[in-house]
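First chain A sits with chain B, and in the next complex the same chain sits with chain C.
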Partner chain A sequence: MNESLKRGLRLGLIFGIVFIFFMLIGFTNVAATMIGDILGNVDQASVNPQLPVLNLITFTGLMGFFTGIAAYKKDANPSWVQVLIVGLIAGLAAALLVVGFILLIGSLNAQGVDFRTYLPNLGANEIQYLIFYTTPLAAAQRYILFIILFSIIGSLIVKLFSPGSPVNIALNSLKKNTINKLDVETLKSALKNRFVLIGLLVVVAVLMYFLPFVWGSYWNYIMGTVAIYILLGLGLNIIVGYSGQLVLGYVAFFAIGAYTFALLTAPQPHAIEMNLWLAMLIAVLVSTIAGLLIGLPILNLRGDYLAIVTLGFGEIVRILIRSDLLTALTNGPKGVTNVGQPFWRGQLFTDTNYMHLLMLLVLAGLFVAKRLKDSRTGRAWISIREDQTVAQATGVNTFRYKILALLLGAAFAGLAGALFASRNQFTGPEDFTLMVSVNVLCVVIVGGMGSLPGVVLGAFVLKGLPELLRELSDYRLFAFGALLVVMMIVRPNGLWPVSRPKFIKAPPEDCQDEPVEVKV
Partner chain B sequence: MIEKLKKTRFTPRLALRLVIAIALLVYLTWRVVQVTASEAVFGPDTWLRFLISGLVIGGMYALIAIGYTLVYGILFMINFAHGEVMMLGTFAGYFMLEAFSTIPGPGNQEVNFLNAQPIIALILTFIVGAGVAALVGYLLEKIAYRPLRGAPRLIPLISAIGASIFLQNAAQLLFGPQRRQYSNPDLLWRGTGWMIPVGDKTVMLTYTGVFSFVLSILLMIGLFVLVKKTKLGKSMRAVAENKQAAALMGIDVDSVISKTFLISGALAGAAGVMWGIHNGLFNHYVGFIPGIKAFTAAVLGGIGNIPGAMLGGMVLGLMESLGPALLGLDFQIKDVIAFTILILVLIFRPSGLLGEALTEEKI
Partner chain C sequence: MTRTAIHIQNVTKRFGGLTAVDEVNLDISEHSISSIIGPNGAGKTTLFNCVTGFYAPEEGEIQFFDKPVQGLPTHKICDMGIARTYQNIRLFKEMTAVENILVGQHTRMHSMWVESVLHNPRYLKEESTAIAKAFELLEFVGLLDLADTPAFNLPYGAQRRLELARALASDPLVLMLDEPTAGMNPQETAEMMAFIKELRDSKNITIILIEHDMRVVMGVSEKIAVLDYGRKIAEGDPTEIQSNQRVIEAYLGPSMDGIINRKKRKKPDYA
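On to the complex of A and B.
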């Protein structure tokens, strides 16, 4: 009991601090607005000033709710009264912190102190909003009430669904019945049937063909970005996921691909205006060669050193591109405009055509990555990733395979870069900051290192989802950082981890339990 | 030596390294001769100016690099968020100075506290800056690294990258993206200093520069004494040598690691405040480039080696300020030089200037 109380107190304090932090970075207001969107009271503040307050109260309640859920200790299996007390304690701890903060800023604001010079999210309007347009004391009462109330509710609800409770038992029996009805086995065997599989694939292919027409250009743009990130993720997945070499300067190959393509096809600054497909091929080749050149000297470094050296390489490429030294070659900070556009039946590519091209290339990339993974090469990579020394001892030429991984990864990045430059019709040095490398790394890691569906999922989650949640764009990188840390602690294998083939020793068929007759 | 050379197998990789090394050496000597003797682009006053700025920035790099080296020596991980720890120290120092410049001084109401008692104000500023950074370093270890101890080495590194992005963006969201300016006391105003006559010109030796350099040297001496003479330093060295054996000898390994993060955070925070006082302008990106540079310095000196980090920081600071002039390149390329040095050091001497050969496990 004592321990669960302590846990409640600790989590309450943590949630209190998080809540205050949210207020300081202005997230509380944004979240309240989003809740307003969901509940349907948008832009009603002028009509009814109580409505935004309702949204904030909902957010407060949610925070309290999560506090209560987190404070519940699952393995202790506490009684109802204990759950009630833990929820109360956690809520109280969180509420006291929040209320202290609210009273502080509320009273200072009433005295005319301006925080905005130092804390831009705490302007007078925002503070008025945070104290519900009332006095700080009245607001404090509401905060205490809602946080504690919902914290208790949160704890009780977890208890309600925990094993052993009547609700849980009822749910379990329901699940059993429905699953029996659905008959998982039939479904599984149906999926194994070749015709069903082909049918499914055809449906998917038809969908993929028609979706870009239906979506419109905005969605084509977003999905195109996702597709480019899938390609990048596939490439980095070969380097990081398969062969286990942490490369933080992946953006360098992306930049080299994009710039090679752009300089070969744009009228400025070189006026080569080469054939698009040839230029794309050359872009891939050039970034592969760059991979070889950078890989040869550094790939026998391990882990952390490799990460930093490649990070330095990525920065070098970006700084050189925009420096005066290479302006004659790369057009410097202005970037390259009017990058070449592909033609289809004598017409310029529309966004739909681009989407189809990208989808095809993503499918091809997935195919290549899958075949590589299952090949002898793939097994060599995985052995290097698991233990380089052992891999070397078993006869894997580790250096050659690591170079190969880097080359293939660089080739993917070069292709993605060429597509990126062509689709945007522009490429500039600021497209290739370190954050691109980090984003791609996030795609690989969030999806699950070495997992192909994981890369696709990761690209959708990290590149598609933020487009849906436009209001939160300011908080995107912030959330990325937190996500990386949390993923590493909670789920280091990613959202869709690889299922590795296991070596199962088959029981010998002819000596099972029956006694063997021995003829003398 | 010759025996050793005879034994070395001549591989293509070795050949490549040799070619790179010889080409670099030839180019460097040619440039040095050209710049200094044949056409003398810069006068001696300019070289002195470069030297001064190199030493000042080198001192800060050295302080941050010590943090990397301490943590790497014990946990074998790059504390990628170390630059962000420094950034938060810069912010803390800034807020302290702002506060001191608004409250009135004791006795005299006309002058603010910052100018009435500049020494006390500066000491308090450094204590708060270092303290906040130390606290951030401590929490960082506790939240982002401790749960991952014993995981494959890629995992804590990724967690550190995440923490770095998180801290940087948290600072941006909290304090806004605009650049801010440190309000120094009049005593240490930027752009004032001693004038040193060199030939027919004068070079300014800024007060802030001298202050930062002296303070960083003092802090380094302090750290050296701490590591070599105190019980905590002894246990830190023991944990760096072998965690299990240290634990068996009755050392609380977790607490030693926490204290290491506290110390390295405090040094980074002090460097951050110095950065603000010396350079003036800063924003939430202030820690990123110094962080990477300081890591370079730590590698340059030999990672895990404290005197190495100090030497590496100084050498890197000097190379960065003298290098572009020596090589006849643009000053935009300053960062490229630092990264190129890092790559070259790792290729030719991964153990650094002062480092001993590391075992497989530690590399």
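On to the complex of A and C.
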């Protein structure tokens, strides 16, 4: 009991500090506005102080709620009364801190102290909002009430769902029944059925065809970016995820692909204006050759050394592109404009067309990456990742396979680069900063090293989610960073870790019809 | 007439000032089981590493069925037909047992990456043959029920056997086992001994082992070479080695007579 109380107190204090921190950086106000957007109500108390400041109260309640949830000690299995007390203690601790802060800034504000010199997010208006447009004392009462109330509710709700409670038992029996009825095995065997599979594929295909029409050009742009990052991620996944070579200058191949395509198709500075598809092919080839040229001298390096050398390579390419030396060739810092766009039925590609093309290429990329992974080549790569020395002594020509991984990875990047340049109709050196390499590496790591669904998921989380978080404006990166940290703690192997393939022992020659399945 | 599988002539390997292997001569004949023994630090593993291409010896020559191998990269040597296991088990930990053996077969497979993307008939046939062979090997080493277990999850003994299976997967002519019974209990050791003998008879390959367990060494070897301070101090069949004065000295320290006779000899650090 003593332990749980201590825990409640500690977490209450932590949440109190976090809440104060949110107020200091102005996040509380932004979050309240967001809640308002979601719930569809606007805090109009500034117009009429009699109206409750609902959104802020909701946010306060949420904070209290989380305090209560966190304070509940799962393994202790406390009684209902104990839970009540712990929630109360945690809420009280958090509330006292917050109230102290509110009273302080409220009264100082009333005396006309301007915080904005040091805390730009804590102007008089914001403070008025934080004290619900009333007196600090009245606001303090509300904070105490809501934080403690919701903290207790939070604790009680965890208790409600914890093992042994009636709700939990009911849920479990429900789960058992439904899962038994669904029967995972039947589902799996149904998926193996050819007709079911084809039907499913048709549904997905139809969805993929119509979605770009439905969700509009803004989402086509965002999803296009996600698709380009999936392609990049697939390529880097071959290099880092499969063969285990930490290449940090991956953006170089992306840049080379984009610039090759742009220079071959734009009217300026070379006026080649080649056939688009041919240019795309050449862009892929040039990236691949760049991969070979880079790989040959450096792939004998291992681990950290390789990372540093490739890091340098990525920057060298960007700086060369924008240098005076190559201005005649690359147009320097101005970049290349009017990059060629493909035609479809005599008309310029629309955003929908691009989306379709990108989807197709992503599918093709996934197909290639998947088949490579489960082959002699893929196994050779993974063995290199696991233990390069032994892999070589087991007969794998490690150098050749590392080069191959780099070439294929570079080809993916080249393709992504060409599409990127074409879709944006522009390409400039600042599109290819180190951050691109880091982002792609994050896509691979967050998704799960070597995992293909992981790459897709990672690209959505890293490129799609920031767009969804656009509402948070200034706090977007903050929220995003926090999310990444939490995710890596909760799922250190990535969102969708790789699973090793299962092999089925081939039947003896005389009884072909009954394959023996080998179970673990 | 039996051919010489491995011919080691005047091989010397130095690490800075330390001469780990010092002018060793050794001939291993085909289809034999030979052991290399010696106190810790005698240069046994270094000699293994020279033969399998991990180290290039400074001097001397190593021939594998009359073809020189010194200086070749390890994957070429593996391709020629020398496979090995390691003193401290080195499996591909994240890969399953089957996959480890499939990697072992790498050098005997030929499909290119393009074929694996296209899934052409040759690739599919090779792949299914390889998987069938992998299961055969798993059965041979008794790991069939652990086929899909990642290597790091296997029990110790199973890891040793899987490493053996991986080495066998490349269809070697010579198999070099570095302390195959290290860390095993007497029962497992006996099984391993029987297994090594069966291996030689059924697969008809040449086996060289490094081993500290004298029951294993005396039980399975037809020929024993003893190294001490990088030098080969004795060679012969088990009975000869057991009665060899220099071998006894190397292991137990010199007798009083020996100390008087050979004062210059350094004091062995293992004593």
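Quick note on the criterion: the second predicted complex is superposed on the first by the 434 of 520 C-alpha atoms of A that agree within 3 Å, B and C clash if a C-alpha of one lies under 4 Å from a C-alpha of the other, contacts with A are read in each partner's own complex, and residues count from 1 in each chain.
In the analysis below, a residue touches a chain if its C-beta (ideal position, glycine included) is under 8 Å from a C-beta of that chain, and two chains touch if they have at least 3 such contacts.
Just so we're clear, the structure is a prediction, and the values are computed from it rather than from any experiment.
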Partner chain in contact with A:319 - chain B first, chain C second, else both or neither: first
Chain B versus chain C as contact partner of A:394, first or second or both or neither: second
Dominant toucher of chain A (residue count), chain B or chain C: B
Touched partner set for A:174, first chain B, second chain C, both or neither: neither
Which superposed partner A:363 touches (first chain B, second chain C, both, neither): neither
Chain B versus chain C as contact partner of A:438, first or second or both or neither: first
Chain B versus chain C as contact partner of A:207, first or second or both or neither: neither
First, second, both or neither for A:198, with chain B first and chain C second: neither
Footprint overlap on chain A, where chain B in one structure and chain C in the other make contact: 389
Parts of chain A lying in touch with chain C, wherever the complex brings them together: 367-368, 371-372, 374-380, 382-383, 385-387, 389-398, 404, 408, 500-503, 505-506, 518-520
Residue ranges of chain A in contact with chain B within the complex: 21, 24-27, 118-121, 240, 244, 246, 248, 296-298, 301-305, 307-309, 311-313, 315-316, 319-320, 323-325, 389, 438, 441, 445, 474-475, 477-478, 480-485, 487-489, 492
Residue numbers on chain C that touch chain A, as the complex places them: 52-54, 73-75, 77-79, 83-84, 86, 90, 92-96, 98-99, 102-104, 106-109, 111-113, 116-117, 119, 123, 126-128, 130-132, 134-135, 144-150, 166, 170
Contact set on chain B toward chain A in their complex: 13, 16-17, 20, 76-78, 95, 98, 143-144, 147-148, 151, 153-159, 161-170, 173-176, 292, 295-296, 299, 329-330, 332-333, 335-336, 338-340, 342-343, 346-347, 350, 360, 363
